[in-house]
Amino acid sequence: MTDLSSFANRASSVSIRDLSLSFGAVTVLENLNLDIRDGEFLVLLGSSGCGKSTLLNCIAGLLEPTDGQIFIKDRNVTWEEPKDRGIGMVFQSYALYPQMTVEKNLSFGLRVAGLAKDEIDRRVARAAGILQIEPLLNRKPAALSGGQRQRVAIGRALVRDVDVFLFDEPLSNLDAKLRSELRVEIKRLHQSLKNTMIYVTHDQIEALTLADRIAIMKSGVIQQLDDPMTIYNRPKNKFVAGFIGSPSMNFLKGELVDEGGHIAFRTNGVSFSLDGYQASEALAAGRKVILGLRPEHVKVDSDIGHGETHEAVVDIEEPMGADNLLWLKHAGHTLSVRIGGERRYAVGTKVRLGFDMSMASLFDAVSEERI
Amino acid sequence: MTDLSSFANRASSVSIRDLSLSFGAVTVLENLNLDIRDGEFLVLLGSSGCGKSTLLNCIAGLLEPTDGQIFIKDRNVTWEEPKDRGIGMVFQSYALYPQMTVEKNLSFGLRVAGLAKDEIDRRVARAAGILQIEPLLNRKPAALSGGQRQRVAIGRALVRDVDVFLFDEPLSNLDAKLRSELRVEIKRLHQSLKNTMIYVTHDQIEALTLADRIAIMKSGVIQQLDDPMTIYNRPKNKFVAGFIGSPSMNFLKGELVDEGGHIAFRTNGVSFSLDGYQASEALAAGRKVILGLRPEHVKVDSDIGHGETHEAVVDIEEPMGADNLLWLKHAGHTLSVRIGGERRYAVGTKVRLGFDMSMASLFDAVSEERI
Amino acid sequence: TDLEVTHWWTSGGEAAAVAELAKAFDATGNHWVDGAIAGSGGTARPIMISRITGGDPMGATQFNHGRQAEELVQSGLMRDLTDVAEKGKWKDVIKPQSLLASCTINGKIYCAPVNIHSWQWLWLSNEAFKKAGVEVPKNWNEFVAAGPALKKAGIQPLALGGQPWQANGLFDALVISVGGTDLYNKVYKDKDAKVAAGPDMAKIFEAADQARQLAKGSNVQDWNQATNLVLTGKAGGQIMGDWAQGEFQIANKKAGTDYTCLPGLGLNQTLTTGGDAFYFPLLKDAEKSKAQEVLAATIVDPKTQVAFNLKKGSVPIRGDVDLATANDCMKKGIAIIAKGGVATSTDQLISADTQKQKEDLMSEFFNTSISVKDAQKRFVSLIEAAD
Amino acid sequence: MAKSVAPGRPNQFLRNLNSKIACIPMMLTALVIFLGGTVWTVIYSFTNSKLLPRATFVGFDQYERLWAASRWIISIQNLAIYGVLCLIFSLLIGFVLAALMDQKIRFENTFRTIFLYPFALSFIVTGLVWQWVLNPEYGVQGVVRSLGWESFTFDPLYTPEIVIYGILIAGLWQGTGLVMCLMLAGLRGIDEDIWKAARVDGIPMWKTYIFIVIPMMRPVFITTLVLIASGIVKLYDLVVAQTSGGPGNASEVPAKYVYDYMFQAQNLGQGFAASTMMLLTVAIIVVPWAYLEFGGRKRV
Amino acid sequence: MSDTSTLNATTAGIDAMSPELKVRSSLNPGPRGRRPKRVLSRRNIFLYGILGLAALYYLLPLYVMVVTSLKGMPEIRLGNIFSPPVEITFEPWVKAWAQACTGLNCDGLSRGFWNSVRILVPSVVVSILVASVSGYALANWRFKGSELFFSILIVGAFIPYQVMIYPIVIILRELGIYGTLTGLVIVHTIFGMPILTLLFRNYFASLPEELFKAARIDGAGFWQIYGRIMLPMSLPIFVVAMILQVTGIWNDFLFGVVFTRPDTYPMTVQLNNIVNSVQGVKEYNVNMAATLLTGAVPLIVYFVSGRLFVRGIAAGAVKG
């Protein structure tokens, strides 16, 4: 066989070509293409049922694609067994073997593969060392806390010395505190191992903090594949914009108007200057658009630098410690605004608002694509 | 038996006196006292297994206390049936009757109580109106989304015209987006109904945003009962301080030293001036203490106003959109620092730190109580 | 009045005989409600006893003569028939007297005997012997001798059903017919363990061993299936009580030409007189009680006796009936009994418990290869413990 | 505020009264029938009751006789053989069938119905059918012989040494369908991710079953074990219908011994002694298990 | 693998989305898409082979029963049991249903059928109701000692019926209901109790506890929660219980014969009578027809609700 694999993207570790997958009549993925770079931490982000796990299972070889190809390290693995693909996988439910001790859990695959005893011990010891689970080696999963279990599950992928790590919502079953701790650990693990990692989640904080690049999926289609900051600040369409960020971006429906030579955005009789907005195409008056503003880009009272101001009334206040979230009534919309935790407003207070248009997003009202 | 009820707090809606509860040999609650004011929104916050649900079930009458008394609206209800206590309860798993339509679900309790048909209809209509679930009245729970189910579950408490609402982690089963939406709705509901509400959660964001007062529990004991801002800014002990806030408060172990007449905090050879810290007792040099600093109270580079600065190195960066979380190595500790989302640091960058001591907390190293 | 009667007569000949009883009883203006329970006495008796002790008794029920109902009577659950017996002069007409004796407890009569059955019959298929080219044997010893010839002709020499009571009956038949009446009485009546352990008994066990060889391969369960083997010439012979006669009769076979019967196995002209009797549980309903009396009388009535016993193939319980229509075999039996060649049946001599243990032993003996010595040893201890 | 006097704890007996009332039939059954009946049986096993229970105590006589009876010994042996093999094969066949059914096969419903329908039939019917199928003249043996293999012998019901296996064949036929169902339910209850994890680990299918899946199915195995075991102890109808204990005593079982001696031999004492021995065996096996399963775990 | 991959490489997908990708992917070697599956793969032969063999073992007796019941006696004596009937006759069925004799009664199984129905309906209803209420109480309304009673009950499941007959006879006699339908219903209820209670208890315990709590807060009491909340949710387990009881009670012989009288004998007793009343030769065809007739009711019940049975088993037996 000639070495045709050289044509695959050299720098990529996992390449997916024209991947389609149907369950009977239901098509979950269709002609999906994705290149993941060597050593990259890629997060697949999307709401429930959009096909993230399906894609990951295809890469792992647990599902057979209906069509298309999958390359790992430039090798076509479309029809290979999971164990031969050089991948390790971590599951949301941990999927530890409940009747085996942690040590057995880690080493079972290696023993089955027939590795030498001391090689197995060496690898288990290394993984246990990295994950700091040495004291747990003789316990059974039932005697572990959720976080410890998840660590063991990661260890099981670690001992196999794989090229690519696949994570399927590994932290969803943990409580918030543990989740943020383990998140840091996974990030650290990636920094030290420098493996390629593909990480499925529907938690945007995980996606933003962990990813080198995020692929946002919606019903089997990748909407945007970019680094977190680009996704956050320059979402390609309204879906991405609304999906990322908590609380959600504020969306105002309106149209473009010409105000003394300057194009401005107008809704419910109030208009916003669009000075500072960097459009990718010329803005024509009369176009129906949607203006997106993140809560932290709406400035309140003393935060306002210069430029136009609007009036609004505090509807609800949600103090969250470090931040304080205000829900304001403004021109018939409800706007969420994030301010510092120490600044408090009573319900019903009148405030002045300023908008940072350089950080706003404008979408076409019909196609919902960024303008 | 003397009339203990007269000792109950006059203005209180629910009073708990010396409540103890054991399951066999395991004592979950011991001599717990709690007064909840009329119309108050009280959140019971604590980690899993600390006894929150147990306490709530005692109040509801679903568990019999081993000892102690419970008063609702100044009536001793310790031995009364749940239905006679004037309470309504909303459960984490919604607990809707699957075979009944929404309308039947709402009216079940009223029908059991034998209310007149038109009175039932009136109350159901009112509750459905408040919660905006009129279009769903004829559906079965299986045909509802998670958020809709939770709304119906609240409605079931609403129709019963009760004095006290009990919520047991009502939002835990929902995804982040829905959770933040329903959180606002519950807050709005409380603002309009002005009922007493007792709300159990282990999500600190819910606690901080919803509560009039938060009771933080640890293994059956209430650690601190205060309004959210006091809890956040002046935690009574290290447990409370660490429990609230995400990411956690940074804790530095060290001791008090006398630096030229001023008492300072010293750890690993670095010292921090304690100017601006308001201690509740005199600070004596030599005492072993723990310094707690929230991530947003550590200032980086340009944020630093005046005062002393320290050097640190960026270890991990976690961009979260609106914020950016830095994990810094400083004097042998790892510090988490929250900065604006637009400010990015590469791993390994050297930064200068400043500390806002007026917002810090000092704890005794042994008792872990706030000093 | 409706009277429910339970019994375990369900084979062809038996059912026909019961029909006669029912007819006679219905003719008195009452109604026979039939409560047949198929299987055998073993299946049916527990059910009957449960019902009687459970307080839901039937009108009348079949038991074997003997000790099966002893305790029911002692617990006062059974009805005293002394009046009926006196009226019908049972004491005079019933023969042999031992039949009535076993219905009598503490001087009171509790059952109406219906027929006499004897076990000691060897039924032979003439056709089978013809096929084997041997003459039809005249006694057990000749039969044993003819065994190999039968086998060679592909014929099962001795037919024996799998139910334990059949093996047990066969053995008892050997005891009295091969060993003689004395031996029989010493062992079963006197329960003399020494005799049971003695050489005479050893001989019986040898004979049983021979029978065991001949019976190998019968592969049937029910007695009438075994009889059927003889009837169709598939087997040479069968040791079975006189009730087998009924099967031959229903199949329209002729004694002497189609088959041969050898009472006392052709050796000892003595027959045991067991048989069936009807017991009448104590009822509260007066009308039913009266019907019970009628049934008791009907059973002993000569006309019924003839009709019933002809169909059943058994001997009537009274000597004063005319059995001209009886066939050859039955006549032989009647003649022997009339001559006084009678012995009491084992049902009357030993308890059901011992009987069951004996069945277990014989069943095991005939179906495994336990040695003659071991079997006798166990037999002895069993007789020792018998009450 | 009213001077409400704190009410004391209400009467403990009245607590949960409805529940207690609802449980009366169950409590009566447990106490009067099962416990009472058992105690009664044990007590009367020390008497020489014949046709009717009589309180004349004779010590351990009945037990001595019981253990001297070769039929009882045979019964025990038979039950042991049948029990062990039935357990092993039920679980084995049931599990293998369930594992095959779990492979996303076509016609799953049809196969399941086929495997399960014998369970709807009684042991009496099962016994009759298999007696017929195993009949040496008309059944399997006869058919094979008529095909030309004259010396073929397959005659379990009339061969004392192997008759118990003939009964086993019928017993398995009747019962494995249910076991298969239980196992299938158990297999379906196993987290999909476990299978995936094992595949990623490169563990072959059969090893996954043996080392991972089966140990995870412990509760199912226990339920199944209880069902099979309680059936085995009660084995009676099948034997009666198929062989009546024959040939000879070769297929006798304890339950039949009990029945025969209680009712045919009219020796209640002996029957009670035998049933007491059976109960003792059951108690030794079941009580520790029941304690572990139901006593140890509490939930509100 | 390499042979298939080269084969595929020539024809591999040309229809990718972007031109840039098209260039690349058209040159990509190796297989694509779903691995071609042969219907007769070794795995499938093994899988369906074993299942087929097993199915044969399970179906054989049924086949033999049906075939035999349609043959005449002469044919049975000559032929082998597996050959299909040369001449189909329904005579045995008619005989088994309406003519077969036991003792003097020659009305076949027909009478027993209705007796069985009369016994079945109340027994099934009562035993299921009692067991479900007990299971419900044990799962949701525990009281002191409830677990102890339950443990006794479970051990009771192991007691051979024969052992219990005598005490029950005495108890029913003392209650004065021996031989009545009530008595028999009670007996069936008693012996169905252990397994049914176990099933119901496990099932109710597996329902979310919060549902029960919600109903209590709504003011519903013990019976209201049972009737209006629990019952409507318990269809699968009721189906399981129903199938178990219908088969168990319908197939019961021992209690049917001990606790009834001849005019109310259930079908199984009559079956036993017909099969064991050998009059001359065993009429195997009639026996088989009678057997099939007797088994028909549970078989139909099973076939109709078999799917629910499996679901219910999963819910009631596996958890707990």
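For reference, chains read A, B, C, D and E in written order, and residue numbers begin at 1 within each chain.
By our rule, a residue touches a chain if its C-beta (ideal position, glycine included) is under 8 Å from a C-beta of that chain, and two chains touch if they have at least 3 such contacts.
To keep track of the chains, here are their UniProt names: A, B = Carbohydrate ABC transporter ATP-binding protein (CUT1 family); D = Carbohydrate ABC transporter membrane protein 1 (CUT1 family); E = Carbohydrate ABC transporter membrane protein 2 (CUT1 family).
What you are looking at is a predicted structure, and each value in this text was computed from that prediction instead of being measured.
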Let me spell it out: compute each chain's centre from its C-alpha atoms, then which one is farthest from chain B's centre?
C
Two chains share more C-beta contact pairs than any other pair here; which two are they?
D-E
Note: chain D sits from chain A at a C-alpha centroid distance in Å of 55
What whole-Å value do you get for the distance between chain A and chain B if each is reduced to the mean of its CA atoms?
28
Distance from the mean Cα position of chain E to that of chain B, given in whole angstrom:
52
Could you tell me which residues belong to chain E and also touch two or more other chains?
165, 272, 275
Touching two or more other chains in chain C are residues 46, 50, 53
Interface with chain D, chain C side, in the complex: residues 41-42, 45-46, 49-50, 53, 68, 70-72, 75, 162-164, 219, 221, 351-353, 355-357, 360, 363-368, 378, 385
Interfacial residue positions of chain E with respect to chain B in the complex:
208, 210-211, 213-220, 224, 228-229, 232-233
With touch defined as at the start, can you tell me which chain D residues reach chain C in the complex?
50-52, 65, 69-71, 74, 136-137, 155, 158, 160, 243-250, 259-267, 270
Please output the residues of chain B touching chain A within their complex, sorted ascending.
47-48, 175-177, 180, 183-184, 187-188, 191, 202-205, 208-209, 228-229, 232, 244-248, 294-296, 316, 318-322, 325, 327, 338, 341, 344, 347
Can you list the residues on chain A that touch chain D in the complex?
57, 60-62, 81-84, 87-89, 91-100, 108-109, 112-113, 156-157, 160
